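Shared chain: chain A. Partners: chain B in the first complex, chain C in the second.
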Partner chain A sequence: MTRNVSICAMAQIKNQPAIWQHRFQGMLMECFESIMEQTQVTFDMDTGLRNVVTCSDDVFDARTISDAAVTDVVGAHFRGEEKVAQDGISALGYAMACILSGHDDLILVMGHCKESQSESRNMCTNLSFDPFYSRPLGLDYLNAAAFQARAYMEETGLTDAHLADIVVRSRQNGAHTRHARENEQVTAKEVMASPLVADPIRQMHHYPVTDWAVGFLLCCEERAHEFTDNPVRLTGFGSCMDSYFLGDRDLTAHFALKKACARAYTMAGITDPEKELDLVELNDACAYQLPLWAEGIGITGKARGPKWMEAGGMDKHHVNLSGGMLNGNPLMLGGLARAAYGFTQLQGTAGINQVTGLQRALAHGTTGAAGQHHAVLILEK
Partner chain B sequence: MTEKTTAGLVADIFATMESRVIPEGVDGITANYGYIITGPGGGQWTVCVADGRVTVVEDLVTPDVTTTCANDDWIAITLGKLDGMTAFSSGKLKVTGDMGLLVAAAGFFEKYQPPLAEITVADIFATMESRVNPDGVQGITANCGYRITGDNGGEWTVCVADGKVTVLAGIKDPDVTTTCADTDWIAITLGKLDGMTAFSSGKLKVTGNLDILSTAARFFKKYSPPSAGPEEAPEELIVLKQVLSIPQTFATGPVMGHFLNALKEKRILANQCPECQRLQIPPREVCAECVVRCKEFVQIGPEGIISTPDVAYYASPDPLTGETRETPYCSCHFLLDGCKDHETMWHELKASDIPRAERGVRVRPVWNDTLTGSVTDIKYFEIIDD
Partner chain C sequence: MKNSEESDSYIIHGKLALPYTYFAGRTGSTFLTTLRDQRIIMGVKCTACNRVFVPPRQTCERCMADIRSQWVTVESQGKVVNHTVIRYQDKHLPRKPPFVLAMILLNGADTPMTHILEGVNPDRVVKGMEVAAVFSPATTNTLLDIDHFEPVAEPP
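Entry: the complex of A and B
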């Protein structure tokens, strides 16, 4: 029997620069209680929640086996719990697989990350590199991204002015999104005057330090009505891992993102993404990544990112109406934030930026230096 | 390392300890370290350290701490090829007594240098046929006799004929005969003594056709003493030692934070599950069993009883400083007044109370003079004397 999977509920706290008043357990607790209240889901071992999938990172939590510290506040005590330690969109993919396989009817997905806890997130991402070669040379996600930004700008003619437009638009959209990080509105001139942090990436081109937590209740489609009148179906998922060593990769070639999309599009029956996607949420930790990933998912052609932007592609394809990761989501949760926004849009509760007649959305997540891993999720009304 | 070369090495390690003492390393330490080394070449030794002096005794003499280990592992640890802590964790090294003393012992001695295996004249001649240099003997036919004097000496004839070399015992029809003391012959073979210098100084005497000898230097490839192992040493495999450290700011939140703030007022708080009524110390946001938020705080103790004591004899070193806390120390689950069953609080017991650490004994907290809102505001619990 072929099954379908729906998201029945989503709960999040506001993205904030530093949630000093709560432990990450407290952040998760708010999301957990909201999901319980929205759905009245139980922990009955026959009909309720038997399994929880969490997303967190040991280094950001400064605690090895970071999931062990949160099982109590995500209702995982005395039942199954499994952790995803890469972008949380993979946790949604994993939860889908649990349900599609018939292993479970219901899965709770909970993710948290408190970037403000570490003195430097670059020190954390430096630890993702090998200790012999890349780490002593000072690589972290930011300067790995700078390599990619430089390569992309050289290839396509993307300019500092294009990047400024992306930042200005991101902050405008972020201001219209509930639970988004509150940032100052800026002009293109101000963006271009912000200091270079890793040439060509300026401070405002890079997402700000953010704390956040989120939860989703996934259910097999036939039981979704028990928990919501307004479910959103998950019809496709694909992921792909590229080379670990930065030097092995063509940084603008989209190898992993294209593979991930091909799998998700096949599953969802999409043949022409440019026409068949009504809303796109891309995991843009840095401004240059928005047009780069847009090429990768196939809503514009290879090396056409700047031209696509100039032709109004970002608004035409409804890309990152949430403000994107660039407006502020923590690492690990960029993809979950994209899926959360796609969910609100498909439910019709996105507020000022609500798109009408929406049928299908794509949410994208990426993990690792300069997009080593990519995953995409297709959500449908 | 072959068995042949390790024989006697363990005894040598202990025999050379007194000569390898590092004065600062043993300064202020008085203890007897017993060693039981098993396997061939093993035995029992006691390293007695007293006020900066070290005496090694070949027996177990009232040891404060005793290490048991196989001979090969002990040699590997001494030579730095096996990490002592790794050996301990993997069970290769067993310790009884005061483990804390062993941490200091790593700094007692200068590095041990194993003695070179004994080089014999017989071995030099025995390995000649395998060391023939084909280019060096080509076109030469001659018998070279050697009379090596001394305890280690003997007589040999190296017969070279059309590129083939045979070494015979005794002097057989020599075209030239060399006479030399055993120690000088070993030195010449190892390149430590120049053959021509030895000849000029009379250490080496030659009778017969002297010209043949000038070609003999090229007959053989270099002699490798038995302890040197294969001619090419394996590539050193580098290991990196690094300390990972990222400064953190941990929020304590309204639950853990409330508990910590109360410590500043010498109050110990638990929080209570509204459903199952159990107390949690320290308080957590939720009762994991009932999946419900716990908002009610209850003051408990501060006196109570020991529920479960545990004495630690080995403290993990601080990776940043290498320092360890004093041992033994005693961690206990304390059941404070107002609590029941598993509602215990984990803290420390005063070290001098360790001999009396038993279930049911009454205790009270001893607070630090300065209270900062941390779990160490309680210095330790101490036993209440009647």
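Entry: the complex of A and C
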């Protein structure tokens, strides 16, 4: 029997620069209690939650086996608990697989990241590189992204002005999104005057340090009514890992993103993403990534990113109405934040930026330097 | 957050610092010791797709071919194909800002390697610039036996 999967509930705290007065366990606890309250889900081993999927990172948490520190607050003791240590959108994909396989009816997905805990986010991401050929050079996710940004700008004619427009729009949209990080509104001129940090990336082109936690309750479709009147179905998921070395990759070719999309689109029965996606949430840790990823998922037609932007593509395709990762979500949770926003839009509770007549959304996550790994999730009303 | 009471909230300062040893792998060992002892940069060539990989690895990911014994010497000179100017300061960085990290396609290699580029005004780095490795005076027993790259000719 073919099964379907729904998200029955989502709970999050506000994205903030530094939630110093709460441990990450406390951040998760608030999400957990909200999901219990929204759904009345139980921990009965026959009818309730038997398995929890968590998402966290050891280096950001400064303790190894970071999931072991949160099992109690996410209700994972005395039952299955599995950790995803990459962008949490893969945790949603994994939870889907648990349900689609018939192994479980219900999965709780809980993710947290407190970027503010470490002195330097770039030092954390430097540790994701090998200690032989990359780490001694100081490679981190910011300077690795700079190579990709330069290659993309050279190839497509994307300019500093395009990037400024993306930042301005991100902050405007972020201000309309509940639980989004509160950032100062800026003008394009201010963005273009913000200091270069890793040419061609300026400070304002890069997402700010952020702390956040989020939880989702996933359920097989036939039991979704037990927990909500307003479920959102998950109809497709795909992921792909590209080569590790930056020099082995074509940084602008979308190799992994296209493969991830192909898998998700096949699963969801999408043949023309440009027409069949009503809302798109892309994981843009840096401004240049919005048009780059938009090309990769196939919503820019034959146009390259800059031309697509100039033709109003971002608003036409409802891309990153949440503000995107650029407005501020922590690493590891960028894709979960995209899915959380897609969920609120499909539920019809997104507020000022609510799109009407929405049927289908795409949420995207990346892990690794300059988008080494991509994962996409298709959500439907 | 619901309870954002900040009184009587205490932060402790900690630090993770843990020395490690890492086996460089047999392929990596040959690369690093050859660099150290002979000042030669080695790659491996996949005879199926004719690509020369630097840094070397034992399998071609496209052809799934075992290429570990197919060593070739590449030149210590090549072209800048991409670069960034790092303008922030941080403890993991090998230089004080501003400095340049470049992707350099060595002559005889098919995959650019990343390294530090010096001897040029960071704002004057251009794609295609010819650069050569400058080896460190004393060995570091790491990739940093190539101390940095610098332009072959004076930039215009």
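One rule holds in what follows: the second predicted complex is superposed on the first by the 378 of 381 C-alpha atoms of A that agree within 3 Å, B and C clash if a C-alpha of one lies under 4 Å from a C-alpha of the other, contacts with A are read in each partner's own complex, and residues count from 1 in each chain.
In the analysis below, a contact is a pair of C-beta atoms (placed from the backbone, for glycine too) under 8 Å apart; a residue touches a chain by one contact, two chains touch by 3 or more.
Remember, predicted model here, so these are calculated numbers, not experimental data.
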Touched partner set for A:62, first chain B, second chain C, both or neither: both
First (chain B), second (chain C), both or neither touched by A:72: first
Contacts of A:132 with chain B and chain C, given as first, second, both or neither: both
Chain B versus chain C as contact partner of A:116, first or second or both or neither: first
Which partner, chain B or chain C, touches more chain A residues: C
Which of chain B and chain C A:245 touches, first, second, both or neither: second
Which of chain B and chain C A:19 touches, first, second, both or neither: both
On chain A, the residue positions that both chain B and chain C contact, one per complex: 19-22, 26, 62, 120, 123, 131-132
Of chain C, residues touching chain A in the complex: 1-6, 9, 11, 14, 16, 20, 22, 24, 28, 32, 53-55, 61, 82-88, 90-95, 101, 103, 111-116, 122, 127, 142-144
For the chain A and chain C complex, residues of the former touching the latter: 13-14, 19-22, 26-27, 30, 62, 120, 122-123, 126, 131-140, 142-143, 146-147, 150-151, 154, 195-201, 243, 245-248, 251
Contact footprint of chain A on chain B as seen in their complex: 240, 242, 244, 246-256, 284-289, 291, 293
In the complex with chain B, residue positions of chain A that touch it: 19-23, 25-26, 29, 33, 43, 59, 62, 71-73, 75, 77-78, 114, 116-120, 123-124, 127, 131-132
